[in-house]
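Structure provided below as structure tokens; questions to follow.
Chain nomenclature is as follows: A, B, C and D, assigned in order of appearance, with residue numbering initiated at 1 for each chain independently.
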Amino acid sequence: MFKPFDLKLAALLGTLVRAMDNGLALTPQMGWNTWNHFGCNIDADVVLSAANALVDQNLTSFGYNYVLMDDCWHAASRDPDTGAPRADPVKFPNGIKGVVDQVHALGLKAGIYSDAGMYTCGGNFGSLGFEEIDAQTYAEWGIDYLKYDNCFNEGRSGTPKISFDRYANMSRALNATGRPILYSLCNWGEDGPWNFAPTIANSWRISGDIMDSFDRFDERCPCTQVIDCTYAGFHCAMTRIIDFAAPVLQKARKGAWNDLDIMEVGQGGMNNDEYITHFSFWAMLKSPLILGMDLTSMTNETVSIITNDAIIALNQDDAGSPANRIWKRTVADGGDLQLWQGSLVNNTFVIALLNTSPKNQTVDVDFYDAFFDQARPLLFLSLAIIDYLCLDTYE
Amino acid sequence: MFKPFDLKLAALLGTLVRAMDNGLALTPQMGWNTWNHFGCNIDADVVLSAANALVDQNLTSFGYNYVLMDDCWHAASRDPDTGAPRADPVKFPNGIKGVVDQVHALGLKAGIYSDAGMYTCGGNFGSLGFEEIDAQTYAEWGIDYLKYDNCFNEGRSGTPKISFDRYANMSRALNATGRPILYSLCNWGEDGPWNFAPTIANSWRISGDIMDSFDRFDERCPCTQVIDCTYAGFHCAMTRIIDFAAPVLQKARKGAWNDLDIMEVGQGGMNNDEYITHFSFWAMLKSPLILGMDLTSMTNETVSIITNDAIIALNQDDAGSPANRIWKRTVADGGDLQLWQGSLVNNTFVIALLNTSPKNQTVDVDFYDAFFDQARPLLFLSLAIIDYLCLDTYE
Amino acid sequence: MFKPFDLKLAALLGTLVRAMDNGLALTPQMGWNTWNHFGCNIDADVVLSAANALVDQNLTSFGYNYVLMDDCWHAASRDPDTGAPRADPVKFPNGIKGVVDQVHALGLKAGIYSDAGMYTCGGNFGSLGFEEIDAQTYAEWGIDYLKYDNCFNEGRSGTPKISFDRYANMSRALNATGRPILYSLCNWGEDGPWNFAPTIANSWRISGDIMDSFDRFDERCPCTQVIDCTYAGFHCAMTRIIDFAAPVLQKARKGAWNDLDIMEVGQGGMNNDEYITHFSFWAMLKSPLILGMDLTSMTNETVSIITNDAIIALNQDDAGSPANRIWKRTVADGGDLQLWQGSLVNNTFVIALLNTSPKNQTVDVDFYDAFFDQARPLLFLSLAIIDYLCLDTYE
Amino acid sequence: MFKPFDLKLAALLGTLVRAMDNGLALTPQMGWNTWNHFGCNIDADVVLSAANALVDQNLTSFGYNYVLMDDCWHAASRDPDTGAPRADPVKFPNGIKGVVDQVHALGLKAGIYSDAGMYTCGGNFGSLGFEEIDAQTYAEWGIDYLKYDNCFNEGRSGTPKISFDRYANMSRALNATGRPILYSLCNWGEDGPWNFAPTIANSWRISGDIMDSFDRFDERCPCTQVIDCTYAGFHCAMTRIIDFAAPVLQKARKGAWNDLDIMEVGQGGMNNDEYITHFSFWAMLKSPLILGMDLTSMTNETVSIITNDAIIALNQDDAGSPANRIWKRTVADGGDLQLWQGSLVNNTFVIALLNTSPKNQTVDVDFYDAFFDQARPLLFLSLAIIDYLCLDTYE
């Protein structure tokens, strides 16, 4: 049984269904992550420069408040006596706690990365079998957010139950710390986290890693659909991730979101129109909005994209209801046209058309398609609402 | 080894193979369910109004005798002392038992809903881990029917055994109450319930939720076949559910049926011809016939569809043998033509042609195709039988 | 690592790799089964009439020596005191042992049927959880062969290990009796028995049940390939089973065969040319050769098909090597042309062309394709051998 | 999270992530194996002749240093008293240790073969359940390398965890011997070893066995993709294995490689241009380079192919980064054109074009496609590097 929730129900669920009962991510989380720009080359300066940039550029006032350290903060090994995780003493001379304290002092929240396997994807020590000491240590460091990856998992996937059990171990460990820590599950969509993750995590990745490209096919992201993908890969173009997301979007709940991956906006592989599309769809589809570019050298265009109030409002709308793809039509020039529609609070809607073809396209949109989700009319629609939806928020 | 049962065998099986040994649903169950029209907005009045309408409109004489409360009858939490389920005290001031007693007083049977997971799909408390106390409480309330859903199942799917074990827990718990309770398994077809459910349940859903549309494609119901579908979704058009059903229909047994979902007849998204098709196919394919419209405001056309004796007789026929699709042929205008044939008692047959294309179609049906299931003649056919089959029961 | 065995190795394997170490079926088993013609309507007379017909028609001299009772020999329940299986006292007034003794007296061997589930497919008591007492009882009855089916298996499938464990239980139980009992595994190809069954069974079915048709598509046998089929179904046309078999044929070993199902030869749904094809391919592909027609009313043509020495010799050839499909080419009239090639003892070969199109076809066969399995020449071929292969054994 | 490692990271991983912590195969292993040419017909002379040929032909100076005994070295049974494995006393009169000592005396390393199942593929005793005594015995014999196959595995596959656990048993057993033994996992790609094997093995096969053909389709290798292949089969043409490899190549790590199977170079089923392609791609894709031809009768052309310094350098490059397929384009004549690009040490690259069509093709390669992996420029490219890449190493 599944039915689009009416608004009364959606509001109710905000209190009833929370991932891990941690009360976090009631709207999709927003912030910045080290990976897309810096990869493995991170240190305390990289993190703090970004944290300062979030404040200095006033991005915090738009909601970007998490500073996330991705892979490669690690020392070569755990503490040999206690088994606790340790940071690289050269990269982080004051430890992770030193950085986190400074992030907190800026009014921001701090995130870290680990992996539900023997090693992280970058070859550092993973957390499989170390969930409790790792969660406890993160809490002691003041960590507010954990991204939890999937490399070197010792074959512990293949049924939803196997994957659930592995990721639930960390969920329980985080809860047991008593500190609210947003839990960002990253198993690349294996075994359908949209089905098993909502009760244990605040968000779950649905695909292999994003590539900074609008639509280039890359064989390392080989699946055509996410629902029967047995090899997530990586290097997935932005519009492919949108394709992947379409059927599973409705599995999101307040506190439990589909994660379309860190955004590539401002990284240079797409033009501004493409980045506007990227940002707008991540917002409408209720993905976490995690920035990935170098915050210290953004163009004005980049800043204007990521600070568009109206688009951010779509993401943070209290209804928590991802937009749906009403149709997708191949066009003769290659690519396709897509119509998307989403419900917002106060019986308002968002409508979007996406053109992935290489040429401009003129398209007739059926009034019925645009404004009716089921096969029968939603009678409370009014013209006033329709007008609002036609605003071009990037003019 | 699998062979269409001859009638002698089929009659025998009626006594030998019963789901849960509860002796229920020897023909597909019939009744009404709150979900399709009322969704989460239910209370005692909604239930009782429908119960009274079943009686007042004389639908009971056609066999509609179950009144089913779907999701959202729940209090915010279980009883903190006993762990027992509780109803929302505002919606159900006299509790579920109060409503059930009144339903029984009308000569009807009463059904309830829960979920083999941590929460129901609507975010209320689920029954996973609470099977025994829940079944016991339902029995104490006088419940006659349980619809058992699949949301938030903690990853407990992925092999037939994992799904079987989860759903068998409730089956055993229901049996242990000593009260005959029809068990309607609703896991959306995951892991092939047509294979694993017949010994533990009276019916099993085969797909994601129905949408009130004849044939509109909706990306939220993405699978093209049910037998390898790894994401059931919802918003499945009526004719897609027929497509899904075609290969698995023969898994039905007396007491154990494929459930094509609550019907949308009278809900407004299809025209009357389409609803006639909907109702006729649900009947011929031996789905439970569960109404979903508002019973207090049906049109005459709707009433005439759901009270067609001849069609209901196809559903309740004692042979218990679902019709088979003999062929499906794409037509140039889009859509397809389909020929269906089913065996009934006394060596009679039902033959149906389905046109899902947008235009009227003329079709030649091979005598051989219409009347022979295997590749060799069924010699006992007679012209008298053939004539009977040509009656148009909706004229 | 997999390589077509050379003849020396194949001969060696005959002694090394035996299913269950029972020394049976070193060439594919041959015999007759009740199901295809009599279905559930069997009794002692049906079985004994067939046994006598095997002898009277001299079929035993061609190797047909197993008389197999399929489903529906059962009493309504097991012995309430011992739990042992019992025969229907009306159908089998002298019990199964009475029939088996008479079968043995005719110089034949006797087989029985059960199911690795709660019920048989016909709704009788199954053997799941009763493996030891059932195997012991069969041994006491003098049974020589068990066909072991897959209905109502309580969800115990989904990985090769789950299926293996369920079927291995009966394998061990049969071995423990000390009586050599040929073990015919029938799980319709679920979880790939070609991979897991060779060490526990003498043969394994690869697909849903056969239908007596040359090539008619039936939706109840929906898979297009056997290697990723998640729903075996039934009503599989003869040439579809050949398609299913093609990729897995090489998994056969001496004592462990792919079972393409009971043959339909002589049942009436195909013409004689089609039945010749049916019989010849079952033989070449090293399927057990189990007759399914009414042995007491065979036409001369039917007898000539099933008593063709040259074809039977292909099946019983000591190399035990199934033929391979070298190519399959779609033809414009629908259907396809196929080239098959198999290795026999003494460096001889069998070559076959199959035309499934509705018209006669002329085809050029590349000498290279016909006589070379790998990409390089098999240098020991001689013209004398080639001549032999061109004999038309049905002239 | 997955990102092409920068060179600094790649170098780091060489020390951090080692399969089994055994320090072996930091570049892909090179050597010779008995199977492709000799199959089951091996003995001490076959092995020692090849070992001597490696030395005499100076192949050792190119890196070929492993001499691998594949299947059929076995006695008919294990030692009945100790359960230890034994060699065939006729084929190996001085035992395996006798041969190994002589191989070692030549300055080479010695490998052996077993199977994670009840029998080897050739029907000899397997190691399932005998992991410890087998590993210990191999160590006592002085074995340096184990190829570990997948036949007759008792259904122990179906999820990555089931396969991982079975193969990890031998990994632990090998480690426990204290002798560094390269562990070559050969489960034909079942359950995705690219995901689960890197922490337990030095290499893993990704497909069914190779066939000595450039591109011939063989039904016994039926899958079209490796990532959803449920039946690996065998007889896979060389270019099909390249297709299979494309999406999973990046799972390789230093010490943990995708194994594209023993090479067929010099076996006779392809022409020299095809073998050059074969060898070059195995090298670029970082497969182990295991020769399979008869080393005692190689043509000059064969020797020149396998001793091409520049190509071997691609394979043994310290970056350990397999090439990626940038695009694959179908051509009108059948077959396709492919562009491959790989990263090497010192910011150098390898670019390769592959033409699998039957005709010569002219192709324009976009500068952007050839030299940029992500969607944005790799700015450190220089023309000097580009020139180097254009050298034809086989002129």
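Just so we're on the same page, a contact is a pair of C-beta atoms (placed from the backbone, for glycine too) under 8 Å apart; a residue touches a chain by one contact, two chains touch by 3 or more.
No experiment lies behind these values; they were computed from the predicted model shown.
**Q** Tell me whether subunit A and subunit B, two copies of the same sequence, contact each other through the same residue numbers or different ones, using over half shared as the line for same.
**A** The interface is built from different residue numbers on each side, given that under half of them are used by both copies.
**Q** How much rotation, in degrees rounded to the nearest 5, is required to superimpose subunit C onto subunit D on the basis of Cα coordinates?
**A** It works out to 90 degrees.
**Q** Which integer distance in Å separates the CA centroid of subunit A from that of subunit B?
**A** Computed value for the inter-centroid distance: 38 Å.
**Q** Return the distance between the CA-based centres of subunit A and subunit C, expressed in whole Å.
**A** Once rounded, the distance between the two centres reads 54 Å.
**Q** What parts of subunit D, by residue number, touch at least two of the other chains?
**A** 158-159, 162, 228
**Q** Which of line, ring, star, complete and other names the graph you get from chains that touch?
**A** ring
**Q** Quick one: which chain pairs are touching?
**A** Listed in label order, the chain pairs in contact are A-B, A-D, B-C, C-D.
**Q** Would you pull the subunit A residues touching subunit B in the complex into a rising list?
**A** 1-3, 5-6, 8-9, 12-13, 16-17, 158-165, 168, 191-192, 195-196, 198-199, 225, 227-228, 246-250, 253, 324-325, 327-328, 374-376
**Q** Could you pull out which subunit B residues touch subunit A in their complex?
**A** 35, 39-41, 70-72, 76, 113, 118-119, 121-124, 147, 149, 151-159, 162, 186, 208-209, 211-214, 216-217, 219-220, 222-223, 228, 230-231, 233-235, 267-270
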